[in-house]
Amino acid sequence: MDSTLFSYLDYAVYGTAVIVMLIGFYGAMVKKSLLKIVIGLSVIDSGLNLLIVAIGYYKGGTAPIFSQGFLENFKSVSKMTDPVPQALVLTAIVIGFGVTAVALALVIRLYRHHGTLNIDEIKNLKW
Amino acid sequence: MNTIYIIFLIFLGGAVFTYFAGKIHKVLQDILFLVSILVPAYLFFANVEIGQNVNLTLGGISLSWGINYFSWLFSLIVLGLGSLAAIYAVGFMKGEKRRGYFYFNFILSIMAMTGILLSRDLVSFFVFWEIMTWSSYLITIYNGNKVQSIGIKYFVFSAIGAYAMLMAIVMVHHITGSFLIGDMIHAYPAMALSMQIWIPIMFLMAFGVKAAMMPLHVWAPGAYSNAPMAYTSVFSGALSKMGIYGMTLVLVTMVNHIPQGVWFREVLAWLGGITAVIGTLWAIQQDDAKKLLAYSSVAQLGYIITGIAIGTELAMLAGLFLAVMHALFKGTLFMVVGAIEKQTGTSNFTEVTGLIRKMPWTFLSALLAIIALAGIPPLGGFVGKWMLYESLITSNHYLLVIVIFFASTAAFLYCYKFLFGFFMGQEEKEWAHVKEAPAVMVLPMLIMALFMLVLGTFPGIILNPINHGLQALGYADSYKHLWDTSIILNSWGNKVVLQPILYSIAGIFLFFIAFLTWKGYKNTRFISTKDISSSGEVPKEDENLTFSVGFMQPFYRAVEPAMRRQIDKYYNAFADGLEATFEFLRRIYTGNGQTYAIYVIVFVVVMLLFKDFLF
Amino acid sequence: MVGTPVLFIAIPLMAAFLIPLLGMIWKELVRIVPGLVLTYLLILSINLLDHVLAHGPIVEVIAGWGPPIGINLVFSALSGFLVVLMEFLGLLVWAYSYRFKRNVDYEPALKYFLMLMMLITGSVGIVLTGDIFNMFVFIEITSISAYGLTAFYKGRNSAEASFKYVMMGSVASTFLLLAIMIIYAQLGTLNMADIANKIHLMNPTLKIVSYIFFVTALGIEAEIFPLNGWAPDAYAEAPGPVGAAFAGIVVKAAVYAIIRYTYTIFDLSGTFNFLIIIGMITLIIAETAAIRQEKLKRMLAYSSIGQMGLVMVAFGFGTEEGVFAALFLMLNHAIIKSLLFFSGSYLTYNSTDKKISEVNGMSKFLPITSLLFALGAFAIVGLPPFAGFWSKLAVMTAAADSNMILIMALVLIVSVVELVYYLRVVNRVYFYKKEADVKPKRPTVNALIVMITLGAIILLVGFYPDAVTGLLHKASAGLMDKTQYIHNVLSVR
Amino acid sequence: MEEVLYNVLGAIATFLVAFVVGMTYGGLNRKITARVQNRKGPPFYQNFIDTLKLASKKSAIHHGVMQHFGPAFLMVTSVMSLLIVPVLTHNQWFPNLNFHGDLIFLLYIMVFGPLGMALGAGQTGNPNSAIGITRGLSQMVGYEIPWVLALVALMIQYHTTSIVGLMAVQAQSGTWLMFSSPFAFIAAVMAMLGMFSYSPFDVVIAPAEIASGPASENGGKYLFTMMSSGSVFAFVKLTLYVDLFMGGADNIVILLVKTFALYMIPVLYSLTTVRYRTEQSIRWFWGWPSFFGLLAILQAVIF
């Protein structure tokens, strides 16, 4: 794998992440169904997480795990992918999960209260 | 502890205790109320030495309280009228609702006015100014929900004024690094020209609102007429003088020192003149005594503003003398209306008539106050008017003389309307039960009427302190020798000696009274007002012949074109337009969560687009 | 040393998860334990603040990893002041909510107090933390508990309000995470002091982009204008005391975060003007929206937004005076707006719509509550001699010293608008006739005590501002001194 | 004490002269009006007969204390203004009060009486009296404008506000002010038409139609006092004009000639015109008369 190809691939990863996010934004901003909006928000989160992981990735990096081999070949510390973004992503996923759960609970409440999932019809509070 | 602290503590504590004393006993409340006004007033005049300052630091700002001759003059108005009005209020508020509320705010506003006069620094000045505003506002809305918009209009205008003042204050602080008034005056001549012009303008806005100066006067008629009359006498008599006090300070200590100051003076003088005319014209038209007096207050304050804006020594004397007189006669007149309202339940000319024989003492006070208001000799109002005209003529304000004179002549119309409407005319059975107001209400009125009578002949009593005050402001003392006698003198040397006038008037009057009633008086028989000859017809008992509806119609028809345009309407239209805009603006909050989320994206995009511009 | 800052996070979190277990022992413990915890934390924070004012900031290192690698908590004069304020308000909110709704039984009460604890913890964490990702976590904790509290009441439109909040909150967290990642990608660190130290190394465009993302994300919690759509709904639909908690605690934390980013971390040139512009827009739009409100709590919410706009403006002056004024304003706003929410909830207790017209004539039935509401209204518009005046004076003085005359004029004009709508409500409370179908509810004793305490503080600060100005001056000096902050944090090993 | 007595005696003498002259002028007015209208008219001394008869009558009824006071108030004005206006120059028998007849003071004392009388009339409860008074006051506001414009013009031109001072100016220069300040004179004379409330400005009392009002509610000595006060006041006004614009008078004959000539202006003008409504007369006064007043001020400022 030569470096040019890799950089294309790199861009491809970033690009995919951005596209996923944009899809999520589209879902959240344009779709009228509450459920689709929640899905959209989740998709944004996924795209974002992908982006974060991609930032932490080096070409040919190893998993950031302390192992016997790692300790023996200390030089390879530069070859290790950055562990921090991965840790962050784990946290972000958990938080995203929590938010999605809350949102879905609210959707149920809203449906019971309004009898609809169309966000345009849920406008009792305004101005 | 310094007397000034004690005075404020008594005021504050008195206000709180008076409020809660109503829960124990009504009389206790009255007594506490009187104590918390009269005791500080006594302490003030007995113990506060002129020229002594108290310094304290609050919130990192050094404050200074003290009094000089000039503010002492105004404290005479505030605490003198305040004390009398307090006595009157005890009678007026008997059996009314919300006495604690009224007393609390009454005491606080007297405290605030005293505080304004004691303030030697801008922050405490502003603090007391605002306390004065809200306490008087709270009394203005005492009468309930009908006056809500009136109260809010008052507060909004006051707030605009006060905030303008606040801007000026912080700008001064920015320039001088100090909040002391002395420092401001000291630094003023060296300021940049724009500051030299804007700072007085902003101060004058604040003072113009309180002094009900055109075009900031629109709140005044409503507020004056809807507050309880016991307070309105202070409101119109003393509180409006705080505007005059501040205006005088600004004009004398700041505007005088710049060449552009003459424009300030001219504009203010003309605004005062126009205020006088507008106030008078509207006063003539009113059928409600309170409104009439309220507009009349606006007009009278116009004279005072003109006087102090002209700014020659004679004009200052005239303006300040009129200020004192206005406090006296307008205080009395509002008390009269209050007494009538208390006794009859209404203050409308078209309803009440023929009270002269039922409320003779009230009538006497009203008569004297009206004569003083109209500026007719021998009462004190004449002295002020005379000096005002003379100062206007001798300082070359020819057209202004005509304007003021017109207002002052037209004032006779409402003066007569007031006296006739209440006291003269047919005595109707409907009001047969009316009794004279209680002594506690009549006494303050009579005391003030007596003052007016005395001041008409011996104006030196009050001109002397005014003279001291003007010297404290740096005026020359060119009339000093006159204040011990009763001579008033203009800048050209023409003079009026007042004592012979009083004696002549009294002599002639007594002679003709004697001539008319000698012997004959006992033989004549009193007949009711129904027993008149009206074109040969004698009206029946139940016929109401009182002429009170459309009272000044002929005059009103003559000036009607001038009164079609009301500033008030423009203000209201502006406010309505503003609220409509606000109504439109708040539709941004559509209620759709998705839209809100889109706003976030739009915000980010806009920020990113303008990032080079912003950062 | 009386305690460490980490207790502010550890103890309430522990308590929050112990509450359900304790509740199994005795149901009342669900209500009592949060109060005990908050009382302890308040005492602790006061002690720490006292210590900090005497001896300089405390930097707490977590798990032994010193800065810039590990997470650290900074208890300085500024954050200490905010922590004291938050814990104090939290305690008051707890005391007020204790038996707020009599019919609320065990389970909702459990949820309520649990989420309230989380809310306070998250906010305190935002203020204390010295790590941007840690701040993200605390913001999310705060947000999620805020979503829950907003949707606390069933049967109202609370779910709608909460859903809007969730939507905007999710978008916010996206941007926050993006901004954090941009910084991390550029500088390789998450520690605030370390970022501040290295910020000049960053790509200028990315620096601006990340700043914008930060402001957007935090601006949603801080109620900056186009981002505050959730706020009126959430304030209006959440239980009354929660409104106070939002206004006094959550928003303060978010503003603190923005200010920390603006003053300490980023070295961009136009940020102060940017703060003034968005602050002004927020102020104007919010106050104009408030004047036409028909619902009391929405009005209070808009007013709260406007006040935060003013705080932004004051921070935007960029001078120590301006910071002092802004902090004073935050303090006053926290106290006064809480009082308004507390008393306002009782004025409209039994109504479903919370319409302003329903407060008519309440003064006859709820004299003390009405009086305190009026006191709060007078104080918040800045009438002397109440607390609000001094902060207004400070703001104006700071503006004048920064030569922002137009800003001064605009702020004052908007103040007039604010005055009008508050006076309208106060007049209604006192001078209108009560509507026949409105049933007033007398406040509980604890609520009354809370409100009177707040009223007393308003009067105390009004008559004796020196009580707080010294602290505020120290806090503002601390915020202004960026190098000292960096040094304090990075020197800890 | 002697001086006071002297002053009082002088005042009485002045009053008598004014009374007689005023009454005679009133009679002449009636006569002239009648002749112009092709009637015979009463003799010129008819007013004396009327007043003497009234003075000898007793009043049987009264409406209250203000009704007693009203005519006395009216008299205060007439006599006070008589005391202020110098009747003859250089004459010991018509002393003035010891201040210099200030014009502004005069303007104000002139409304004292009518207002007092209005109160007296008001207490009778007769609605027509109140109507008349409102008309009168309104009209007064009308004519005061040109009148004050004229006076202010004089004041600023000659730097004095006292009547004596203005007379001294004329004595010094030898020209009457009606020639040196013609616009002021025109404005003042036009204002005088209103002051006398003859036609077209007689809507105030509407003498021809309404047999009611103050005059019909007062009788005997009260009506006598009112009528004599009116006569004295007419004399005062004419004398004031003579003093201001025609250089005063050295002896009584010149005074009579000048005042009579002036008096003929309102009398003759009234014969040629029909009545204005109140608002019409007010607007009339604010038209040309005020314009001339402004011209007078302009002249005073420029020259």
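Remarks
By letter and in written order, the chains are A, B, C and D; residue numbering begins at 1 in each of them.
Methods note: contacts are C-beta pairs under 8 Å (C-beta built on N, C-alpha and C of every residue); 3 or more make two chains touch, one makes a residue touch a chain.
Computed from a predicted structure; not experimentally measured.
Common partners of chain B and chain C, by the touch rule above, are A. Chain pair with the larger contact count among B-D and A-C is B-D, by C-beta pairs in contact.
Rounded to a whole number, the gap between the C-alpha centres of chain C and chain D is 79 angstrom. For this pair, chain B with chain D, the centres built from the Cα atoms lie 36 Å apart. Centre-to-centre spacing of chain A and chain C amounts to 30 Å, using the average Cα coordinate of each chain. Here the CA centre of chain A is 101 Å from the CA centre of chain D.
Residue positions 586, 589, 591, 593-594, 597, 601 of chain B each touch two or more of the other chains.
Contact with two or more other chains is made by residues 160, 163-164, 167, 171, 232-233, 289, 292 of chain C.
Of all residues in chain B, only 586-587, 589-594, 597-598, 601 touch chain A in the complex they form.
Residues of chain B that touch chain C in their complex: 57-60, 123, 126-128, 130-131, 133-134, 137, 141, 144-145, 148, 151-152, 155-156, 159-160, 163-164, 166-167, 169-171, 173-174, 579, 581-583, 585-586, 588-589, 591, 593-597, 599-604, 607-608, 611, 614-615.
Residues 21, 28, 34, 37, 41, 44-45, 48, 51-52, 55, 84-85, 88, 91-92, 95-96, 98-99, 102-103, 106-107, 109-110, 113-114, 122, 124-125, 127 of chain A touch chain C in their complex. Taken together, the chain B residues at the contact with chain D in this complex read 354, 356-357, 367, 371, 374-377, 382, 385-386, 389-390, 393, 396, 398-399, 401-402, 405-406, 409-410, 412-413, 415-417, 419-420, 423-427, 490, 492, 494-497, 500-501, 504-505, 508-509, 512-513, 515-517, 520-521, 523-536, 545-547, 551-555, 557-559. On the chain C side of its complex with chain A, the touching residues are 133, 137, 140, 143-144, 147-148, 151, 154-155, 157, 159-164, 166-167, 169-171, 173-174, 177-178, 180-181, 184-185, 190, 232-233, 236-237, 289, 292-293.
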